[in-house]
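Provided herewith is a single structure, encoded as structure tokens, for subsequent inquiry.
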Amino acid sequence: MMNIEQQSMRGGAACLALIRRDLTLAFRSPGQIINPMAFFLMVASLFPLGIAPDKDVLSQLAPGIIWIGALLSVLMSLDSLFKSDQDDGSLDQLLMSPHPLAMLVLAKVFSHWLTSGFCLTVMAPLLAVMLHLPGEGIFPLALTLLLGTPVLSLAGAIGAALTVRIQRGGVLLTLLSLPLYIPVLIFATGAVNAAAQGLPWNGHLLWLCVFLLSGLCLAPLAIAGALRVVSE
Amino acid sequence: MMKWTFFHKLGSPKWFYDISGKWLPWLQITSLLSLVVALIWGLAFTPPDYLQGNSYRIIFIHVPASFLAQAIYMMMATAAAVLLIWRIKLADMALKVMAPIGASFCILSLATGAIWGQPTWGTWWVWDARLTSMLILLFLYIGIIALRGAIQTSEVAAKACAILSLVGVVNIPIIKYSVNWWNTLHQGATLKLTEKPSMAPEMLWPLLLAILGFYLFFTLVMFLRLRVEILSREKKTRWVKALVGE
Amino acid sequence: MLFHNLSFQLSPGDVLQIEGRNGAGKTTLLRIIAGLSSHARGDIFWNDLPLSSVYADFRLASFFLGHKPGVKMDLSPLENMHWRLQLKNIQPVESVLFAALGQVGLYGYEDIPCSHLSAGQLRRVTFACLIASKAKLWILDEPFTAIDIDGVAWLESLIDEHATNGGMVLITSHQPLSDHKGNLRKLKLEDFAGDALEVFDDEY
Amino acid sequence: MMNIEQQSMRGGAACLALIRRDLTLAFRSPGQIINPMAFFLMVASLFPLGIAPDKDVLSQLAPGIIWIGALLSVLMSLDSLFKSDQDDGSLDQLLMSPHPLAMLVLAKVFSHWLTSGFCLTVMAPLLAVMLHLPGEGIFPLALTLLLGTPVLSLAGAIGAALTVRIQRGGVLLTLLSLPLYIPVLIFATGAVNAAAQGLPWNGHLLWLCVFLLSGLCLAPLAIAGALRVVSE
Amino acid sequence: MLFHNLSFQLSPGDVLQIEGRNGAGKTTLLRIIAGLSSHARGDIFWNDLPLSSVYADFRLASFFLGHKPGVKMDLSPLENMHWRLQLKNIQPVESVLFAALGQVGLYGYEDIPCSHLSAGQLRRVTFACLIASKAKLWILDEPFTAIDIDGVAWLESLIDEHATNGGMVLITSHQPLSDHKGNLRKLKLEDFAGDALEVFDDEY
């Protein structure tokens, strides 16, 4: 106790260092950043191939395809969020840090979002054009992605933390995260569809904001708890 | 015995550096000349198409770029085979420098095709077989470039890229014949070696010249890049030091 | 039950070596002490307070080195030290980092990705963190793994020095530790052994 | 040389042992088997959620959705095919085996297919019914999956072998495999769509057979070569 | 260039210990000899034939133990031995496997998943494979890692015995090997050293 009060705790600096580390890692093995984007692009370009390439049908399906692509690619990239740290022993160091774990974890999730969800958001308009989404739908699509993908990262990180010690936890992660993802998917595609048809869509958007805020408050605690529990 | 000396000569970067140095001026002149003549001829002096009006003139860029994008891939596959069988370093250097050039032509083909699609099909992009397979070819190029970037040890990267290039060859026939297999919007082949072309000769000749010009231009760019690559990889050898010291 | 009736106390200047054959539970014990594993029964105190109430304080003052080095393979030794120290609430100073890296024999390797280092060099990066962390309690699980002979001697003197400066060291090692300053104590886990295989009987 | 001729080589036994090992591993951490299936199910059930749940539209999209789901889930499970062996040093043992590497690798790919592609094939009719695929399409769908998923495993394994030493090779794997996957996707969905519309579909099927045969002959060599090359 | 002008010959009954500080290139050398890494220049012969032409024969007769144990964590020691031996063209016989496991001190752990074993026990599983493999050439990269004192003595006698039975051993270790039978030779990598950091100059 005394020790802590003597030394001022530099929690913010630790978070920044963690974010810097994760971003450096991401840039150094650029696969990590391109991965979700390529997957996203892939899902979006596979669909027209597998399905009849009809412009009208495609433009109706576009919001769904794009959002499902984003959801899947975030989910895929989540698997290694804590596992890579666990494999090389860094997770032990994270757990041994005097700073609040929830804060550190939030930093990790933030850099994960920057390298996945944020990039997807930036890329989405391109895909929207490729899939013939009507012009009115493009801004709402980007906005829902901007609000929705952090929720995906936060919620998925809980699953990632719970499955960090499990050899091939991919499926469990999927199963655990999915129930939290489906509401986001429904509201987001609802908003885009409404906007594309010229209907009001701020109701849907409000819900996404609510999800985001509650995720920001609660998820870090859950993630930190899960990590402590699971590390035996 | 004869064959072997020939190969070793070809495989020697120094030999290639010397020879390509002599070719460079010729390549520069011929590629520039043929490109300029073909483009001016094609863009200004050929009559407009009776169906598409003037928009068809992009053909003089689109078709050569498309041809080259595929041809470069085949050259890369050949280089890959040479590398794996005879372990010739020069083949790897060629493999390395050709990939970005091929990707550029691929992007050029996609872009010109998209621009052309706007007036003719009324859309930038359709998911038809030829277009999609061209996109896949771009993925292949990017994959090869990325694989090389991802493996640190250069010898390992070289062989890995060679294997990948060889495996990817299966896609070339698919691009080539996709138009015949699926009924698509995109035009079938009009230029065939076996048959007489169905194109009007006043369009055909500038097109052929443009294709030639693009090939020469590609050779020029490749030689330039290859020479730089040779210098950077052989920077420790005596002849490069002597060359730089000059 | 791996062990029972086990109890010990560590004061400044102590080096406690935990001994035991393979599978005796040394790693398990160290992880329990570091708060990384939950223990079935028993209490741990830090400065006379139950550990669970002063975790942050304990973590600030201790350094854990496990079987895995805790080093990111894509980062350079210098970058790795940066984040490790920041997590330990220490502002990294370039000169200190370089000094530490020089001390562990990684001079010249500061900016080379750790994936290009050998097994021993990788562990030396962790020792550089250890030196720069200025922690009071060192928890070292087989630190001599993959370290060459000169390195072992150097590490032993480092531990000695830390102890004489009032630090505490909890160490497991199969190699006998040379004890120059007389502050080495040993704890034989065999003396408190439960039946290791019993652990599995409980589960299956 | 002499040694080999003295001792009869038990290559078949080695392959069987490898298959048994991989299947045992799969059953022991069942995630590995359930993972692709759950992902498959997920993709198939997300689509009706993200897209308008209209029965007619859905039945048209069904072959595409199912095949894309299968493709993605095979792709996802491929990442760990050789990487798990690389991480614990088993890959070195594989490379040090006196038996032909191509044979061993084929055994590994076979057990991968059994735990992914084959399970997906078995599951597909269920999804087909869920997505209202017309009855005539179900048998062709299963058949194309039966012929197509081994090709996915074989072609993807080349990418997996090339990226085995790369930290987060997931994206590269995707990028490398995709060009080889798309022809399979196009012919397979073509067959199912043709069958669902009552048209002849054996032409497409023949192509899938060609892919499968050439994959069986060439891929093991490429995989073995890639593994040897990449292990430096 | 890690080393140059390096050359040695191994005959039946030889134990060659490769010595060098951390990062000297011991692991690299062993991997090159095992055919797991490609070497820049130089030749390796097996039975007087160039290695590249008799790889299958060489692999049949040699056993490689690297830094990683090559053991599947979800399988039991027994199951792991099964596949390892089959890959080495040996038909596993239950009694032989049990004997080998008993010899390495894993009696009672035959059917426990390897993920529940300690670091040392995990490496002992590999030794059981080594014993049962009946290979002629052993290539051991720091085999004493994580092995307790009794284990080290046992392993040394095992190596001795293998050599006296006409086997060959190529070993790296930072611990001095005790040489009972007089068939131990040492190779100091430092004597052939190139500049390790030069490797990186080429790349960057």
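Letters A, B, C, D and E mark the chains in the order given here, with residues in each chain numbered from 1 onward.
What we mean here is this: contacts are C-beta pairs under 8 Å (C-beta built on N, C-alpha and C of every residue); 3 or more make two chains touch, one makes a residue touch a chain.
As the structure is a computational prediction, the values presented were derived from the model and not from experiment.
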item	value
Contact-graph separation of chain A and chain B, given in steps at minimum	1
Label of the chain whose CA centroid is most distant from the centroid of chain B	C
Label of the chain whose CA centroid is most distant from the centroid of chain D	C
Numbering shared by both copies at the chain E-chain C contact, with half separating same from different	same
Between chain C and chain A, distance of the C-alpha-averaged centres to the nearest whole Å	35
Averaged-CA centre spacing for the pair chain E and chain C, given as whole angstrom	28
Distance from chain E to chain B - Cα centre to Cα centre, in angstrom	49
For chain E, residues that touch 2 or more chains besides their own	38, 67, 73-74
Shared-contact residues (touching 2 or more other chains) in chain A	29, 31, 34, 49, 87, 167
Junction residues of chain B, two or more chains touched	132, 146, 150, 152-153
Contacting residues of chain E [partner chain D, same complex]	31, 34-38, 49, 54, 56-57, 59-64, 66-75, 79, 82-84, 86-89, 91, 113
List of chain E residues in touch with chain C within their complex	20-27, 67, 105, 108-109, 112, 116-121, 124, 142, 145-152, 174-176, 197, 199-200
Contact set on chain D toward chain E in their complex	1-4, 7, 9-10, 13-14, 16-18, 20-21, 24-25, 28-29, 87-90, 92-99, 104, 231-232
Residues of chain B that touch chain A when the two form their complex	123-128, 132, 135, 146, 149-150
Chain D residues within the chain A interface of the complex	29, 31-32, 34-35, 38-39, 42-43, 46-47, 49-52, 57, 60-61, 63-65, 67-68, 71-72, 76, 80, 87, 166-172, 174-175, 178, 182, 185-186, 189, 193
